[in-house]
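Two complexes are shown next, each including chain A; its partner changes from chain B in the first to chain C in the second.
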Partner chain A sequence: MKIDRRHLLLGGAASAAVLPFAKPARAQAKEVVIGVIYPLSGASAQIGVDAQKAFQTAAELINNKYDFDLPLARDEGLPGLGGAKVRLVFADHQADPQKGRAEAERLITQEKVSAIVGTYQSAVAVTVSQICERYQIPFLSADNSSPSLHRRGLKFYFRAAPHDEMFSQAMFDFFDALKKKGKKIETLALFHEDTIFGTDSSNAQLKLAQERGYKVVADIKYRANSPSLTAEVQQLKAADADVLMPSSYTTDAILLIRTMGELGYKAKNIVAQDAGFSEKALYDAVGDKIPGVISRGSFSLDLAAKRPMVGKINDMYKANSGKDFNDYSSRQFMGLIVMADAINRAKSTDGEKIREALVATDMPGEKTIMPWKQVKFDAEGQNTFADPVLLQYVGGKFVTIFPEQAAVAEAIWPMP
Partner chain B sequence: MTTATIIQSLASGLLMGLLYGLVAVGLALIFGLMDVTNFAHGEFLMLAMYMTFFLFAFFAIDPLLAAPLVGAAMFVFGAVAYLLVVRFAMRAKANIGMVQIFTTFGLAILMRGLAQYFFTPDYRSINVSWLGGKTISLGGVFLPVPQLVGALVSLAAFGALYFFIKKTDFGRALEATREDAGAVALVGIDKNKVFALGWGLGGALVGLAGAVMAMFFYIYPDVGASFALIAYVTVALGGFGSVFGAFAGGIIVGLVEASTALILPPSLKSVGIYAVYLLVVFIRPRGLFGSI
Partner chain C sequence: MDDAHSKRRLRDLIVAAVLTCIAALVPLFVKDVYVQNIMVLTLMYAALSQAWNILGGYCGQISLGHALYFGLGAYTTVLLFTKFGVLPWFGMLGGGLISAVIAMALGYPTFRLRGHYFVIATIVIAEIGFLLFHNWDWAGAALGIDIPVRGDSWAKFQFTRSKLPYYYFALVFCCVAWLVTWWLENSKWGYWWRAVKDNPEAAESLGVVVFNSKMGAAAVSAFLTAIGGAFYAMFVSYIDPESVMTFQFSLLMALPAVLGGIGTLWGPVLGAVILIPLTELTRSFIGGSGRGVDLILYGTVIVVISLARPEGLIGLFAKRRKEVAR
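Our next item is the complex of A and B:
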């Protein structure tokens, strides 16, 4: 069709006539846009796809009425913003810090998000949080655990969950407690991947081992997603430590356990820094080879006995994803709740106002689905009241074994 | 470092190396035949692993029995990929090399995306198979049975391929087309048929590798990436287009990787591979057994 001046004028008049009606309609459906950055494709796509479901479950709880004692569940939308609904915009960083940087920038400038939550890989959280800082948009690490993340002097960085020093501390507290009971724990073997997650984790563990008098007989760093871990496992086997402490993502964790079996090495005990060791895929693949493996975590379904809402929310997530909450999906769920709660109290979508509201956060632990004391951020944006737990894989499921106040069973030591 | 450690490293390296060779040989074959690098080679491997997994999950067919089926299915897939996709890329008038790179690269991304969509990004594994998890111990040196069988399959495949290329009419047609596609057309050999056969063979070989690897490796849409990189190095090291080169290249890569880890920290074990690769590129750019 040839567009002449008459058509153009007509079209202009038509849209001018429609516009006044369109505007109030949009104002009514006010929404708060929150960016969610995860690896939706690439080697850890599975994590991202599960995370998507966890965030959607949280948004459903916020946007609709539910009778749970969880912030925002009992209201429709955010009451502080006249019932505005939370809308999530997902972005894919493919586990690549550079793509994370670009996607964060796009979310902020194109999608106009008010806040960003992410990212699984700590290495990506580094770049995403830098971009957020530059644009003064609050960033919340839902599930990143590298301790260095909150120590960079960023004003817009927050983390409600524990970091690897807190987690590692729990492990060493656990070792100390076992030693008091007369178990023999002298030597440790560290096995960690080569990005910021593995390096930070092993640094924390090395330091704690030194302080508390454990001997580290092997400290093995490996390249993530290696086609073979034979050489690495040989060194672990030669060291044969009392406790093997892996910090590995799912792929490498599966290969590690398989290769250990192939080379005839059975670890005396395994205490894992989560990641791959809280994924269903690992237990589907090699669960039978590692009964009694212990992993740190920040979540346990045991809690449902004490706090029934945990079980019900887990059912909602399970209906969405076909899986139970694990250490990651539970933290992702809470991440959005904490962020939305702050936006609600800020009564604004302005970055600085949300930041102030986050700083003022004081959420009692009973109003979360985690075993935490409360959610309250220190000056660096870290929640210091997030108590980690240790879980043991017994009879096909995880039971909480440490700390004592959260434990539902005695630890089986050594590993059967 | 004890003797047992060194022997264990070399044995593991040799087994892995034979598998690397089997993964790489399809790539070498296709390159030698028509100067096309198949950037979707890793995704072919991924598809073969998924086929093995689904045959196991739905029909309880052990990976060992599935191997010939997967090989045959991948033969068809390879030939179809040539006839439906690559054939048209070969018709480009300008910048033909670039067009081929982008075509196979695009095929790789498409396959990865479809795999993630249809198979979900979950990590799959075959945890109960006849050979999976079994291991033989010879005086403190452990040889995992799946890798051992993989190595035997690799040796058999190379033997069969050698016989096929040297002794059969089809093999001779393959060699002839490689040397001079134009002249071959004059004596009435259909170039397209031979190329489709080459892609089919390449697919079948990587299919065998995928079936064997499904016994001991996890499976997910991106699994091909780390093996494809090694396959490219293997082919470049052994010599582009040389089937025997891929065999030797695979063994060298496996052994160098294993022995590097004896000297350097394991996170640097690929350094050895790339150092040898660079050395070969400097001294003998066509690769150890390359004829181009």
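Our next item is the complex of A and C:
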């Protein structure tokens, strides 16, 4: 047969269209499938790739015996389901709500997942949780921090980690505590990007500042992934507030610090809303310019001193990914543990039964790797006992400075 | 009109009718919602690209700002529905009309621009629209709008699990876009547009009102695009500026037409049928690795097609190359 370009193209297109329909065999009985939806390509692909490693570490702990005081670590698989192993199916949502939705639907109907964990971007969590609600499959939002998410009256939505209002509250509690000690904090400058994360964060901060009597001297919104922040930084410099409070992702945060250096503006203090300020990339690039910067977080390696398993689990993750746990990967790790724990107690893979088990969750903080009091969901599916921490970047690493029960050092204020 | 010409037009119509019948029957055999989802998206992009093709293909005014009309359709429908309880069907038409009017208002200054300058203007205007919605608190700003879904309803065009209503709507939408193109192609407008595309000066000298014909193409194109936006909003039941108004959307609307055959009746359909399943399936089945292989594959296919068939995939079906360039 003569093969010309026409046949080659048509044939290629046809086989590309047909091949993926061949479904994978799922004969193994003793397993529980959990869907994990993250951005695995595009601008935030690195987050997704790190997340994969965090989830794999959690699955490894659940499926094998480890001597940690963490739910399911001491058993092989899920004892409530006769030792069934947890199998993860990863899907890529490319930060697009529509794709997240389609992937959630695919995982539920084709891969028969019992639960879904995700998603990094809050906008994608909106559609993924909607689909989960429609199919009555529990969704655990591991690391989305937008407060609007749990206020939509969804029955199958759960979040073990704190949301932005809780994070911002911790910052203002910290300011109040400093003021009591006689430090001067009167004026704040908010600096936030314009997507869902920055908007939610600054709204919460504005409200808290008003309630607690702090003066906001600058409230600057900028376009995410901006090529230049010169005009914005000039405004910050003119305002020269006691505390600069940025809510920025990594590239913008690096640009902010660089531009501040170029324009000769040294902030008196920086208290950041996580995101870029918890990423290793930022400290590799401009860490020397901002000694003493403070960021909120939901995780702290300092916990390892009190709870040795935190250090050991971190080592497992590090062997896998080459990085320490950060704010995101620790929440992702805990997300899977919380979900698997509920499935284990439900003794079933039925969505409604798992949901009931999640509602009944009561995990003491010591049995997690987080500085939380406990994991217990309120009527809206939010864990209200997830205390955030504030971390200060001192001498090339982070130390916990707030709240007091988790702190290992006094805050250096103002920053050096 | 010569004989061969009307024969070909009749043949096109028959082929379209047969394909529509087949498409209407497919869901009887394909029950998987994931595959149905891909089919819905394919039909939607085929229609959107068909709409883009009217202005970009036939009239030759390359627009990379159609996301603006798409977003306007989506936002009009959702805002009317969530804030005032107006059923999406009316919102859809309202969005279409608003988009058509805005397209003409924007056409007034921009159609004086030519070639690359026009393309840049469309990009910039769409970006302005994006920024406006991104900062408009009443319209949800960056947070977007979540459409509460409470049960199945044709009036509200909401269905919790079933994809079929969306599928059939998309099919009708695709047919309408195709028929409009089919009809316009042979009308006075169609000939004007092709004349304008080939050489505006020559067209003008022969009595074609160049400016008006561009305005007409823009209005029809924007109207249909907005209908697609409204459908997308109800289908996804959540919108934010990032997901309906970004530049990426403008490209996605142009790409099937460009790949399939720009300024042809079947190009957009063919392009969408190949492109959309390819992106969806590669992402789902190899995107989970996190290595970006799916995007490499996607890019390779586009490059290969562009090299092998610069005039578009439609060239594979033409008996004589001339027929393509009709």
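The criterion applied here is as follows: the second predicted complex is superposed on the first by the 387 of 416 C-alpha atoms of A that agree within 3 Å, B and C clash if a C-alpha of one lies under 4 Å from a C-alpha of the other, contacts with A are read in each partner's own complex, and residues count from 1 in each chain.
Operating definition for what follows: a residue touches a chain if its C-beta (ideal position, glycine included) is under 8 Å from a C-beta of that chain, and two chains touch if they have at least 3 such contacts.
All figures in this text were calculated on a predicted structure; none of them were measured in a lab.
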{"item": "Three-chain arrangement built on chain A, chain B and chain C clash or fit", "value": "clash"}
{"item": "Touched partner set for A:41, first chain B, second chain C, both or neither", "value": "both"}
{"item": "Partner chain(s) touched by A:254 [first = chain B, second = chain C, both, neither]", "value": "first"}
{"item": "Partner touching more residues of chain A, whether chain B or chain C", "value": "C"}
{"item": "Chain B versus chain C as contact partner of A:235, first or second or both or neither", "value": "first"}
{"item": "Chain B versus chain C as contact partner of A:110, first or second or both or neither", "value": "second"}
{"item": "Contacts of A:300 with chain B and chain C, given as first, second, both or neither", "value": "neither"}
{"item": "Chain B versus chain C as contact partner of A:262, first or second or both or neither", "value": "first"}
{"item": "Contacts of A:98 with chain B and chain C, given as first, second, both or neither", "value": "second"}
{"item": "Touching partner for A:225 - first (chain B), second (chain C), both, neither", "value": "first"}
{"item": "Partner chain(s) touched by A:288 [first = chain B, second = chain C, both, neither]", "value": "first"}
{"item": "Among 2-10, 20-28, 110-118 or 146-154 on chain C, the segment whose C-alpha atoms clash with chain B after superposition", "value": "110-118"}
{"item": "Where chain A meets both chain C and chain B, residue numbers", "value": "41, 45, 48-49, 194, 221, 223"}
{"item": "Chain A contact footprint on chain C (complex, rising order)", "value": "32-35, 37-38, 41, 131, 134-135, 141-144, 146, 148-149, 160-161, 232, 236-238, 240, 242-243, 274, 277-278, 280-285, 287-290, 292, 294-295, 301, 304-305, 308-309, 313, 316"}
{"item": "Chain C-facing residues of chain A, complex", "value": "5-6, 9-10, 13, 16-17, 20-21, 40-41, 45, 48-49, 52, 89-92, 94-99, 101-103, 105-106, 109-110, 123, 126-127, 130, 134-135, 146, 148, 152, 194-196, 198-200, 221, 223"}
{"item": "Chain B - residues contacting chain A, complex", "value": "5, 8-9, 12-13, 16, 112-113, 116, 120-125, 127, 133, 135, 137, 142, 144, 147, 216-218, 220-222, 225-227, 230, 257-258, 261-262, 265-267, 269-270"}
{"item": "Chain B-touching residues of chain A, taken from the complex the two chains share", "value": "41-43, 45-46, 48-49, 194, 220-223, 225-228, 230-232, 234-235, 238, 250-251, 254-255, 258, 261-264, 279, 281-282, 284-286, 288-289"}
